[in-house]
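Quick heads-up: structures coming right below.
One chain, chain A, links the two complexes that follow: it is found with chain B in the first and with chain C in the second.
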Partner chain A sequence: MKFAVIVFPGSNCDKDLYFAIKDGIHADVEMIDYRSKSLDAFDAVLIPGGFSYGDYLRSGAIAAHAPIIETIKRMSALGKPIMGICNGFQILTEIGLLPGALIRNRQNRFICETVDLKVKNNQTIFTNEYEFDQTLSLPVAHGEGNYYCDISTLKQINDNNQIIFRYASDINGSIDNIAGIINKAGNVLGMMPHPERALEEMLGSDDGLKLFQSILKSHMNRVNL
Partner chain B sequence: MGLVKVYVTYKESILDPQGEAIKSAIHGMGHTSINDVRMGKYFELNVDNNVSDIDSEINLICDDLLANPNMETYRYEILEDAE
Partner chain C sequence: MTEPTAEMIQETKLYKSWGLSDQEFQTISNDILGRLPNYTETGLFSVMWGEHCSYKNSKNVLRKFSNKSERVLAGPGEDAGIIDIGDNQAIVFKAESHNHPSAVEPYQGAATGVGGIIRDIFSMGATPIALLNSLKFGELDDSHTRYLAEEIVSGIGGYGNCIGIPTVGGEIAFQSRYKKNPIVNVMCVGLIDHDDVKYGKATGKDNLIVYVGAKTGRDGIHGATFASDEFTDSKSTQRSAVQVGDPFMEKLLMDACIELVHEHSDWIMGIQDMGAAGLVSSTAEMASKASSGLILELDNVPQRETEMTPYEIMLSESQERMVLCIKPEYEQNITDFFTDKMLDAVVVGKVTTDGQYKIYQRGKMVCNIPISGLVDESPEYKRISVKPDRIADSKEQFRPEIKSLEDVWLKILRQPTIASKEYFYKTYDSQIKANTVVQPGSDAAVVRIRDTKKAIAMTNDGNSRMVYVDPFIGGQMAVIEAASNLVAAGAIPIGITDCLNYGNPEKPEIFWEFEKSVSGMAMAGKKLNIPVVSGNVSLYNEFNETAIYPSPMIGMTGLVEDIDNVITQGFKNSGDLIYLIGETRNEFNGSEIQQLQLNDVKGSLSKINVDQIKDRFELILDIINNKLINSCHDLSEGGLAVALSEATFENKLGFKCEVNMPKEYLFSETPARFVVSVSKDNQRKFEDIIGNNGAKIGVVTDDNRMNIKTIGAEATIELSVAMSIWKEAISCLMKKN
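The block that comes next holds the complex of A and B.
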């Protein structure tokens, strides 16, 4: 299985993601420039955290118009796994692959700490190695991680079981403590916490590793069908 | 050349923490009669005079880039023959 890590100007979690794949789950991975137009060689796309284009205009707003985006949309339509973490999540909402938006934290401060979240759906290609309702300890680092959507969208994502992770407590004002959601088709995940920074007990937590293992296992199961 | 002024703000239903912070600073200055502050963004677009359907073009730009319709709303005014 081969992963692409998309690198925008201002991405800063790209190398963490690269090593999560290379050393965490020992799969193939390549860093791909935002000006590329082909992802034909890849089975999955990872959009890293950071401050693409300096968060100018809105987080993710300029990246949403980068050349690689049309290709990512085509990959999504083909059902390939696409995951955006932090700024990657913001970009996925800006390009409409995920509903809602990430607005400024209610407390108006950047949060950088390790928080608890719960796995609310483990029947996905991203979470099948976790237990339902399992508590994960993952780092967050964001100023605009307050998930917002309107009431009808909230009902839809609840009804379709699209809320994958919820914070154990309210850390930033996110509606219903939403920390991560998936699209209706089940192949696009966005989350604010950083699983790629939680791969080794030595560094505080290895709760993020199973997310990458889930993607790999799902892919292998499909290939071996 | 025509000038288009675009104003983008959070929707009424969205809490604006920057606006809240500015409001409390204003109150700290003693201006307690200020009840609410909403912070927004302002853009000036210089446009060719020969654009056939300026409204639909501006709406496209606002919907696709300048504003995020999930959380923001916008309005604009077109000033003809601005220097």
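The block that comes next holds the complex of A and C.
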């Protein structure tokens, strides 16, 4: 299985994701420039955290117009797994692959800490290695991680089981403590916490590992069908 | 605007308002140039001969530091010091002060401090792996101080978080002397392979000088001179001297420069960041290092404002700019390389052999001065040094008054200097790069080096109360405290960078503080074999004639050979035995409890036996490397009472202790002591090694209580009570309006 890590100007968790794939699940991975036109060689797309284009205007807003975005949308239409973490999640909402938006944390400050979240749907290609309602300990690091959507969208994503992770307690004002959601088709995940920083006990938690293992396993199952 | 002529400058003594003395102006005119300097030239001399660039007031004192050890690859004089860590790898680190800019424009002042120190690291070719900071503010009951604290912390986080370097540690202290003159010291640590080290040299006739990065504007002009002046209520125009940072631009610049050094090392002769005193300081120093001359064409310098004068272009401290010296045949490759990274790279000059600094604008020569005069012949002053009256000679110790031990204990935990700094450090991304093994809040931060067993421990320390009370011993204590932090994490201290923050050195009593404290630091550094490889001096930290406490900051790095041996301060298991290593003495002068009870610090400090402390450090490392202890915490402000409390917070484990000392001694601040916890299985082996260097004082419990018996007293505190006081003290103070 081959992963692409998209690198925008200002991405800064790209290498962490690269190492997560290479050393964490020992799969193939390549860093892909934001100007690339093709992702045909890849089975999955990872959009890293960071401050793409300095978060100027609004986080993710300028990246949403980068050349590679159209290619990512095509990958999504083909049903390929796409995961955006932190700034990647913000970009996915900006380009409309995921509903809602990430606004300033309610406390109006950046927060960096390791928080508990619950797996609310383990029947996805991203979470099948977790137990339902399992508590994960994952780092968050964001200033604009306050997930917001309107009431009807909230009802929809609830009804469709699109809420994948919820914080165990309110950390930033996110509606219904939403930490991560999936699209309706089930192939695009956006989450604010950083699983790529939680792959080793030595760093405080290895709860992120199963997320990457889930993607790999789902792929293998598909290939072997 | 028409610029004043050379004669007018002499006549009106304009140079004085830029910080040059009459004597210095005469030296420039008579000895160096043999004529009067023009407006531009006077400006260049005034910044290059300012304290910030020339160290004219401090260099004869700085020579006291030892910058040698078997690990030192490069010491002071480069952008940053370099220390060998084995396997062809090295760490590159430096600290820098941004006190003055942060006082007037706290967010940008602090942010550009971070940006500047990061450039110092990647300009050597190193990849930054961690940031630290040391902050000193006034008391939080003052609304302006709260504003400064909030904005400064936010500026540090804003820059570091965006560029993607973890801010892993530091210190924050509070004292009214810093009210209008906060201390903002930032440190950056980078990792490099020996072969990739680049120096800032402009060498080789006809090689080209290339300007890379952000455009030049009028921001920060005379920032370096401004840093060498005092604050008063009446000077309000200084805001314009603060630069504005763009961490996104620096991220592009950093990644590009690191890639350039790694992939195209053959294209470049030298690389240097533009920091204080911008284009003049960077290019003149590059030429000076290679005894070259330079020609600069200012029309080629990318400018973001129109009608800029040579003086403004040369002195601008616009951020996120670098200078390269390249071989001419690679000019096109270089411009293409940077264009691809969305950066401007423009040839602005070339290297000559005549040793002259020649600057042209619109075909006209605007400067022609010898580089040696500008860089190397700056004056050196031995300022007058007089011992201040407050320095006590008597050996008398402050006697704390303790009616209720519980009460005093909780009060101490609530003091902002002691209380958890989580409110601030939680706004820093400390985990990015996924290498941070020990996060903020422990004795030292630890960052692992990927694909090796090694890790780097680092800390920023400097208890200015102790330095104020006794500069020499306080200076020693700053080094010892930093080393204790690293040792407690399981690291061997290997190098120091410093920020030396003091008042106006032209005042004899201030100079005495400076001189004595540097002597103390130098002496301790030498004895402990920890060289000083880089640093920064910040003088004139005064407001309305009142100086800050003498505030040297020690930024220390340590090497962990085997990451499995890294240890943290928190107790790990109920039932583990608790030991106190190092003797506790009747020492309360300069302590937290003295500050609490007198609202002042005074008295003399006791002599320190550094050799004995060195042995103790070796002992601690020995027991850590033999995996005999489960936690290790060094004692500092607030003494044993605070150290024991902090050891309980990490895993919410309590303790039951009994010490053979009076209750006051729980707050003694005798340096280089450690609290360690040991599992019963290791008790015998452990006791055999420590002998009489330590004593068993109790046991870790799971009853959510801290209980301690002293001679004639006993105190019990619920863990939840202590913890909430300690954790919330600062956020409570910050939320006042």
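By definition in this document, the second predicted complex is superposed on the first by the 225 of 225 C-alpha atoms of A that agree within 3 Å, B and C clash if a C-alpha of one lies under 4 Å from a C-alpha of the other, contacts with A are read in each partner's own complex, and residues count from 1 in each chain.
The working rule: a contact is a pair of C-beta atoms (placed from the backbone, for glycine too) under 8 Å apart; a residue touches a chain by one contact, two chains touch by 3 or more.
Everything numeric here is computed off the predicted structure, so don't read it as measured data.
*Asks:* Would you sort A:E94 into first (chain B), second (chain C), both or neither based on which partner it touches?
*Replies:* Once the two structures are laid over each other on A, A:E94 reaches chain B alone.
*Asks:* Contact-wise, after the overlay, does A:M220 reach chain B, chain C, both or neither (first, second, both, neither)?
*Replies:* Once the two structures are laid over each other on A, A:M220 reaches no partner at all.
*Asks:* Once the shared chain is lined up, is A:H65 touching chain B (first), chain C (second), both, or neither of them?
*Replies:* Once the two structures are laid over each other on A, A:H65 reaches chain B alone.
*Asks:* In the superposed arrangement, which partner chain does A:M202 touch: chain B (first), chain C (second), both, or neither?
*Replies:* Second partner only.
*Asks:* Of chain B and chain C, which one touches more of chain A's residues?
*Replies:* C
*Asks:* For A:F19, select first, second, both or neither according to whether it touches chain B, chain C, the two together, or no partner.
*Replies:* Only chain C is touched by A:F19; chain B is not.
*Asks:* On chain A, which stretch or stretches are contacted by chain B in one complex as well as by chain C in the other?
*Replies:* Dual-contact residues (chain A): none.
*Asks:* Where on chain A is chain C touching in the complex?
*Replies:* Per the stated touch rule, the residues are 9-10, 12-13, 15-16, 19-20, 50-51, 53-56, 109-114, 139, 141, 143, 194, 196-197, 199, 202-204.
*Asks:* Going by the contact rule at the top, pick out the chain B residues touching chain A in the complex.
*Replies:* For this pair, the touching residues of chain B are 10, 13-18, 20-21, 41, 64-66, 68, 70-71.
*Asks:* Using the touch definition from the top, list the residues of chain C that touch chain A in their complex.
*Replies:* That would be residues 154, 157-158, 161-164, 246-249, 251-252, 342, 426-437, 439, 448, 450, 563 of chain C.
*Asks:* Quick one: in the complex, what on chain A touches chain B?
*Replies:* 57-58, 61, 65, 93-94, 99-101, 103-108, 148-150, 173
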